[in-house]
Amino acid sequence: MNNQAAVLYAPHDVRIEERPVPHPGPGEVLIEVKAVGVCGSDVHYYEHGRIGSFVVRQPLILGHESSGVIVDVGKGVNKDRIGERVAMEPGIPCGICRECRTGHYNLCADVRFFGTPPIDGAFTNYVILPESFAYKLPDQVSYEEGALIEPLSVGLWACRKAQLKGGDRVLVTGAGPIGIVAMKVAIALGAAEIIITDVSPQRLETARKLGATRTINVAEESLADANRDVDALIECSGNASALKDGIRALRPAGKAVIVGMGPGEEASIPLSFIQNREILLTGIFRYANTYQDAIAMVATGRIDLKSIITGHYTLEQTEQALQATKSDPSNIKSVVVPGQ
Amino acid sequence: MNNQAAVLYAPHDVRIEERPVPHPGPGEVLIEVKAVGVCGSDVHYYEHGRIGSFVVRQPLILGHESSGVIVDVGKGVNKDRIGERVAMEPGIPCGICRECRTGHYNLCADVRFFGTPPIDGAFTNYVILPESFAYKLPDQVSYEEGALIEPLSVGLWACRKAQLKGGDRVLVTGAGPIGIVAMKVAIALGAAEIIITDVSPQRLETARKLGATRTINVAEESLADANRDVDALIECSGNASALKDGIRALRPAGKAVIVGMGPGEEASIPLSFIQNREILLTGIFRYANTYQDAIAMVATGRIDLKSIITGHYTLEQTEQALQATKSDPSNIKSVVVPGQ
Amino acid sequence: MNNQAAVLYAPHDVRIEERPVPHPGPGEVLIEVKAVGVCGSDVHYYEHGRIGSFVVRQPLILGHESSGVIVDVGKGVNKDRIGERVAMEPGIPCGICRECRTGHYNLCADVRFFGTPPIDGAFTNYVILPESFAYKLPDQVSYEEGALIEPLSVGLWACRKAQLKGGDRVLVTGAGPIGIVAMKVAIALGAAEIIITDVSPQRLETARKLGATRTINVAEESLADANRDVDALIECSGNASALKDGIRALRPAGKAVIVGMGPGEEASIPLSFIQNREILLTGIFRYANTYQDAIAMVATGRIDLKSIITGHYTLEQTEQALQATKSDPSNIKSVVVPGQ
Amino acid sequence: MNNQAAVLYAPHDVRIEERPVPHPGPGEVLIEVKAVGVCGSDVHYYEHGRIGSFVVRQPLILGHESSGVIVDVGKGVNKDRIGERVAMEPGIPCGICRECRTGHYNLCADVRFFGTPPIDGAFTNYVILPESFAYKLPDQVSYEEGALIEPLSVGLWACRKAQLKGGDRVLVTGAGPIGIVAMKVAIALGAAEIIITDVSPQRLETARKLGATRTINVAEESLADANRDVDALIECSGNASALKDGIRALRPAGKAVIVGMGPGEEASIPLSFIQNREILLTGIFRYANTYQDAIAMVATGRIDLKSIITGHYTLEQTEQALQATKSDPSNIKSVVVPGQ
């Protein structure tokens, strides 16, 4: 077994190098990586070498949207799992703190997350994972779809926080990959109307094809113009105006879920509006308890992930995949396929 | 204007007779009825003259699944509503009691409900309704679909009580009209697997065509045989075994929603199982705050209602419609079309 | 029967004048007012003639924290209610809109609220109310306590939004009347630790006497200094720093309930913190479905309201009561007693 | 260090014997037991050698309501914890299954629980616990109170499931130790009226002294006689009539929480009533995430536990403590104090 890895040394400096094949400890599995999606955060590390307080201080393997096949197991793991095709949940919490015990394991202060300094990720041939974070993929779910269970989890988590109830009018601000996925989940959860905003006509066109009932180009039309009376806002742009205008589009007792990351630590929001309408506002940090459900939704056709895959790359082309995601607004999701 | 009505005088005694056209009071609208679905409860009144403590003591017009067009309005109602196509929510609560104020208006002790003694229903040409219970139908939603917003509301309410979260495994016991509708809603709300049970191969075949991922003929196979690990049970059969075995199929912290009415006031349930797994059990009584959402789901194609309409009748054929619903298991939903 | 009223003509211009005794319509009761608490919003109208977009354009009777005795009833109301001592819920919603039907009647766009332009309030001898908004007071609850069911409702509603679960650590920012009441409710709902902040040593001393486990004078000590790890923030100061620092004191998945009104429409919040910790933020607008429960809590001694009453005034002294509330930080709640 | 233990060999056969002092493994602490409450389940094992499918097949140390002091720590545990006074949460879940990850760790299929065959409990001098299940006791909380954090957790969990909101009317059926504790928690969470039932005048008298606003001796007065309109039922008797009549006392949308264990696997419930009123019924299995909160409530005086301690015993008197709990209805909670 050879283990190649695409390693980020510095902004715009990704090197393919040989790494030892890791050895699964007790309760762990060794997984041969089969597909890895490129996330905006990967691109951000590639461009800037950091995201907020997370700084790449030593060579780092990026990639956290991944799937593969179990090729070896550690002590205590059933050997029957060897050969199992799996999606990998990339954040491993401590399992015993208050957050873990109350079911908010994504908020565990000691979580170790793929491709987040200093934890290596999945742009490589072999990775190790605790077995309970490797989820069996049914035959009808491909490795590429399996990799995208991760961004799908983000969309599913956002929609769960939005407390959709069927028949909702949902506003998604930002038609990038996460906005598109959130929109798809909202539809799959019975949302009736989906209004989606962006400044890119290409992205809005894509959104319309994938199910949006209304698109608004906020470079041309103000979101705040009318009483939109939406049940839920899913903010995926990180834009200050989208945040404010999106909140002002909510009906009384509406829900605002903030997914996009803005430029600063703080943001200005229409607080009087929130008070007078008793709006519920929250944000999401990754996701928890979504993998099994997300896989089931893909397996039974409730969610189609194939339509968002717009590029395929070999492991050697990882840097190219990172660049493509950045440069092309019609690109939704690039996938690196290490085994090819 | 002539106002014909199909009036139940006694079990198996429905007479077509002329009634005065009612006059809309303040805040009310006069609606020309365009479509009325036949419900199992209509059939039960037709067969037995009563349901539990509700007894038909004087001639009664049945029918509560209805739509129509507003033809006149009372004081305080905008005249622009004349000509509006509407679905009719058939239960009018008092609006001021504790249940009404807390949003549980379906539990209002003083609710007046169409076709429930002594309140007349919609198997007639003209009815009166408070304007806020007449919901505008978009052009793309037909009158027949509009009538079926009522049973769709039952399914939507059941699924809301089941707290579906996307990707669920749902067990529906009983593949009659309500079971089928509940299944369709569960799918529309992102349920992944739908296991449905019945003793009629015809009904199970219908369920499979309409989206069930697994059907179980409980005349042949025991539901209790295996650990089904379902997230939610929606019990639509009223059968004692379905209730017990359905609960025993639930995962820890699973939800049981009882929709079907059993033969008696009491029922035996596996209480230790409920305690040890912290199962949540509840029942539904009609629905609340579902109409707007149900219409939106039909209008945007999240739910298809046309596939469950299996028979059309004139107002004069109301009795025939009641009989057809009873006799034929392949019949899902008969619709009476008064204006024809 | 004479009906005196304290009428606000302009800022700092309150006149006592004779008004006709109103006549109860169908479903209404005539109430002889026995006690009226002075609220900060009354003082604000008295000082500025407006609150935001609500402007006093014609002479207005203030006062919305009130109790009294039913002295006459309109059509359809049981005459046995004459003589009943009642607390008055001062906001009358339409009862039929979406907000009313879903139990959020406080968010009804057509709500008519005592002492909010152009609706007259309770600084008078006689008022009219729909009977269902007049709540029977048990013998052991005095009229003055009955009047304070209104601010108690605000505190109870804030705590309900904070989803207290017993044993919580609660941060209340602002030790004014509402902060004090919110603190008392939090304690009554099982909160363990109560940290309360203010810049007035007098108010903090009062808070400590009434149950705060920790007081912080934010003029001297920074709230943001340490990881406070509180379960819930109840922001009652309207201060920008209290809002930000209060949110930053929250534990992962903590709840922020904004009660205090800030100077502007917008406010800056630590959005990254909210996202990374999945904080839930909301605001409250008055309250819904609290009166019955608040009365029961006072009647059974779960909440003591007597300790917050710090001044008594006759109806003729209404202006003096408004001024006292403004000027003295040791003043928590002044009560006008019209019948004296 | 000597380690004495009270070991159950068979019904009515408890022997005091010497056991080796256990050694704390990685992440574990060694605790010198200071107080152990006697639970009804301990008594049941003592009397019958089994509870349902849990059978005492080998000598077993009972006792799961316990506190003590940390005297040694395993690898990875901060040595500063030596000397710390702690309450012990007695059920150790696997930490990685679906139930554990979603916060329902009490429903973990692999939980190991003190004093439940074949896991030894705390009627001994020394026990081992993972450090995260040993909760620091503040100075003002005694060891005896620390031991009773366990039954308090049951009461707190039951009340959380009952979704109390302040001002509730709560019905507790059964005034044994758990009923009394549940009542105390309900009061601490702001319940206004507490109706408690039993057949023992002594127990009812105790309940009245500890805060019940109404007691009903169901040997003399029927619970079902009137419309009780209670918000929540907490069933702590295991009695079939209490279950049925208690449910029938609930208001629309009321909550029923079943704590008491009945004689059989199944029970008959008023299902039509549950359906027509949309009652929520659930049961509890132990508790989750309650220890920290329960300790805080005792430390700040929200809950008084001293009033329920009615007997003290040495470790040698464990059998006597078990017998006393059984025989005397005025006995609420006996505590074994191993170190004496």
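The letters A, B, C and D name the chains in turn, as written, and every chain counts its residues from 1.
What we mean here is this: a residue touches a chain if its C-beta (ideal position, glycine included) is under 8 Å from a C-beta of that chain, and two chains touch if they have at least 3 such contacts.
What you are looking at is a predicted structure, and each value in this text was computed from that prediction instead of being measured.
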For copies subunit C and subunit D, the superposing rotation on Cα atoms, rounded to the nearest 5 degrees, equals 180
Higher C-beta contact count, B-C or B-D?
B-D
Centroid spacing, where centroids are CA-atom means, of subunit A and subunit B in whole angstrom:
39
Would you kindly tell me how far, in whole Å, the mean C-alpha position of subunit D lies from that of subunit B?
43
Can you list the residues of subunit B that touch 2 or more other chains?
102, 104, 292
Give the list of subunit D residues in touch with subunit C in this complex.
156, 159-160, 165-169, 185, 187-193, 213, 292-297, 299-300, 302
Quick check on the complex: what are the subunit D residues that touch subunit B?
52, 99, 102, 104, 106-107, 161, 243-244, 252-253, 258, 261-262, 264-285
Using the touch definition up top, name the residues of subunit C that touch subunit B in the complex.
95-98, 100-105, 130, 132, 288-289, 292
